[in-house]
């Protein structure tokens, strides 16, 4: 699709819930380990037993502040918590402790661009970020046909940031890119592992179409909230589907925003469609009021400064830093930064040892990342450390061997676990001394009068024909040196 | 003290039914009738506050002036599952059992 | 003198010096409970065996020279609104019939650490909602002074237990007067501490911003003994004050010379029973005689206290009681539909019907009334007119107290407008029942302290209570002022003739 032939603008706002990487829950000391047997991480407080009380987890609040600061939000000097009242079996208190009218942060933004220029860089406004508790899990086995649902409250009370964006996103692709950037940011900050499979990042999307009319008016389709998307790819697909669906519906009915209540639709990933969900009028009266079991929190400028100082560079800044510090392209910086903080550290260590960024960046992308992806696992566990890679690059630079030989060595180092010097020795690689090189080149020149004639006739590239032959005779020769020596000897011929 | 400002608020049985559903109370016909009258009376009584001038007064949600009460992110013992489930009306040894629900309220 | 006639302070001394054993002491009170409780119904559960075993352990520890706690061996009754692992915790509700919490309330923990002997759980208005103790799912409580009258509420069981000598000390809770009003109507002493002085952890919440646990006993001296044990910071309650606990008995004997006591003319309006007024005025005179000075003060917004309270408390309650839905604990509907369904049949799902019917069956009428009122006050479109408005008036009410305490040290007055009323007298008129809290709700709305103690008897032999209210953390002064009065009078020592001795 290109912008030219789409007769509408897709307008998207996102609501993202992110679980915090704390050891314990927001209001009690139960751990938040994912995947434990049901109801093994529960206590009177998160079970909502009579008389139990919440006490706020300091770390959870600090992580929330971190996230909000990184999202360029304003931090409220005074914030409080409210009860959101609704009955649901995964919410044992009958209310969720959340934030209503005084969220701890508001009015931020996060920019996302595409280094390949697939879309214009866009700044997505953040309406608010607030800190609340997660609910538990309801499991219903429809296939078994049982009348009961099973309730596991392990997740109940896990700290959760709710991030609500302005409707600033203009395409499903942009939405996906923005979510990737948000995830990268939150992982960089240590706020969340953002693992969608484990539910530590969840996305709902609001979408409608703005359709310019002949009279200059912009018609707006009713806003639909899409739920149940369990990957960023699903978000992109669901939004694309929904835009098409709304366009079809608009053409059929002409229904505009305000003509019906907001609709909620669930994404069916297998079927690739959204389906209408039942709307309950009554359930939306949440009767918010200030949570009397908690006291308000005030945040000083000093605290904000201290958290800012501890945050390190967010990805957007880090990309620019790498570009400038190591003289690499925006694209290269993007690839490296998108791999996470640990890989960036690896790269910077390597670049420092090598003394320049480009070679280090090439090796990172073509070799380290490739092997890492093949092997799986984290960069921290990668068997070849930056010193070894720098060693290989250094030997290439001083002409001990060429890049393809260097790659063989790199692979062997990974497979054997030996260090670079041992591998080089074991492969019989030794620098070819200049005398030997000269003798080898003289021998080849003598045996290839046609090439010599071509070179003498002005076709210098013909010398390349001798490089392959030289490598056959001695795999350790440096192709560049062979080429230089051959040309020198031919020129010196009478 | 009479409610001397605004119309006398009265609740209809329909209002009471709506509130009952919101508060998850299945009222009997007799309760519906008596509560309609009683709530109207009580609401009339508390509506006397409308006469108090609170123009420049901030709400006071809490008598304490305390702020910034936190706990450290240190794990504490959880209950054994059997203890957590002990008082459940229905349970299967692992989970609480309730009449069928679809999905979590989680991202509500 | 039988053991059950003696004061807590006296019994603790007797236990300490070996004059009596805890087993003997506990047996005496258990015998008294056995004889009297069938009439009074002050206890919902009595832990006879457990109490005697604990008493024996404490006696043995003491005999072996092991260190024991400050209340070692003394029986204490606990209102059934506090969680106890070894006894049911029902809040006098069918909803929590037989419920056994897996944890102890912080106050219960402190009592156990002080080696108190927990003899049983006292009756109350269901979920502490009421001023007569007639709202108990397990039967009303009778006032030991006149068995046809209410003991007050919601801590009616604790008050009656003290008045009937079934326990020397009892724990109550006070949300709008629930310690002080029954104390007044039963002729005993009860203190509502400053909000945050005593941990609320394990206190089953009624209205979280108003609830506070406090001591009930015959005398102020006994109350100070109990407060000493239960007061203190609890990191598990975010609203618990992190302020050192003073020695509550240290200054009890200091004279009241120079004490400034406020008198609020509006307290003596047309609704006040003349006999009550007479005893209250006499009490002011007694304070003057003891060296205090009396000053007229105004609490301009006091008249709005009851409507403010009846918006805030039910609103918080409607949320606090949402957890009783039959899903995770407590009563669950068995699936049989009642004959009178009130036309409420559209429940949207089996789950919602389970919720609605479980709650309809588990809660009594007053609890339902307050849930309905609170749900209404918080619902869309009404919040600003009711709940938010009440919070603004709450600030005015608190400010009235702060202003008054610039001029006086304490404010005195009646606890209740009338002495104990007849059982059933107010049950058909919720607003009349709510007005019994007229003099007490201000203390809770302002978060300050208040004490109630007997200051005379009506011609018909019913106790009359006097209330002192003091600024935040003025408990030492409140206790001292009450104690000094009790040094000069014997109202608190009088025993009822309505029960066998």
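Going by the order they are written in, the chains are A, B and C; count residues from 1 in each one.
Heads up, the rule we're going with is that contacts are C-beta pairs under 8 Å (C-beta built on N, C-alpha and C of every residue); 3 or more make two chains touch, one makes a residue touch a chain.
Quick caveat, the model's predicted, so the values are computed rather than measured.
Please state which pair of chains has more C-beta contact pairs than any other pair.
Greatest number of C-beta pairs in contact occurs for B-C.
Report the most central chain, judged by the distance from each chain's C-alpha mean to the global C-alpha mean.
Minimum centroid-to-centroid distance belongs to B.
If you average the Cα atoms of chain A and of chain C to get two centres, how far apart are those centres in Å?
A distance of 57 Å separates the two centres.
Centroid from C-alpha atoms only, then distance chain B to chain C, rounded to Å. What do you get?
23
With centres defined as the mean C-alpha position, give me the chain A-chain B separation in Å.
It comes to 41 Å between the two C-alpha centres.
Name the residues of chain C that each touch 2 or more other chains.
As it turns out, chain C has residues touching two or more other chains at 99, 102, 209, 235, 238-239, 318, 322, 325, 327-329, 350-352, 355, 375, 379.
Specify, in ascending order, the residues of chain B that touch 2 or more different other chains.
21-22, 24, 61-62, 64, 66, 69, 71, 79, 84, 90, 96, 98-101
List, in ascending order, every residue of chain A touching at least 2 other chains.
Touching at least two other chains: 44, 47, 55-56, 87, 89, 147, 151, 153, 285, 287, 289, 292, 294-295.
Chain B touches which residues of chain A in the complex?
For chain A paired with chain B, touching residues are 15, 17, 22-24, 28-31, 37-44, 47, 55-61, 80, 86-91, 96, 134-140, 146-153, 155, 199, 202, 204, 227, 282, 285, 287, 289-290, 292, 294-298.
Give the list of chain C residues in touch with chain B in this complex.
Checking each residue of chain C against chain B gives 99-100, 102, 195-196, 209, 235, 238-239, 241, 301, 303-304, 307-308, 310-311, 318, 322, 325-332, 338, 340-344, 347, 349-357, 359-360, 363, 365, 368-369, 371-377, 379, 385-386, 388-396, 398, 430-431, 434, 445-448.
So in the complex, the part of chain B that touches chain A is made up of which residues?
Residues in contact with chain A: 18, 21-22, 24, 61-62, 64, 66-79, 81, 84-85, 90, 92, 94-108.
Given the complex with chain A, which residues does chain C contribute to the contact?
Spelled out, the residues of chain C in touch with chain A are 82-83, 89, 91, 96, 99, 101-103, 105, 200-205, 207-209, 235-239, 315-316, 318-319, 321-323, 325, 327-329, 348, 350-352, 355, 375, 378-380, 383, 387.
Okay, in this complex, where on chain A does chain C touch?
44, 47-56, 83, 85, 87, 89, 92-95, 147, 151, 153, 280, 285, 287-289, 292-295
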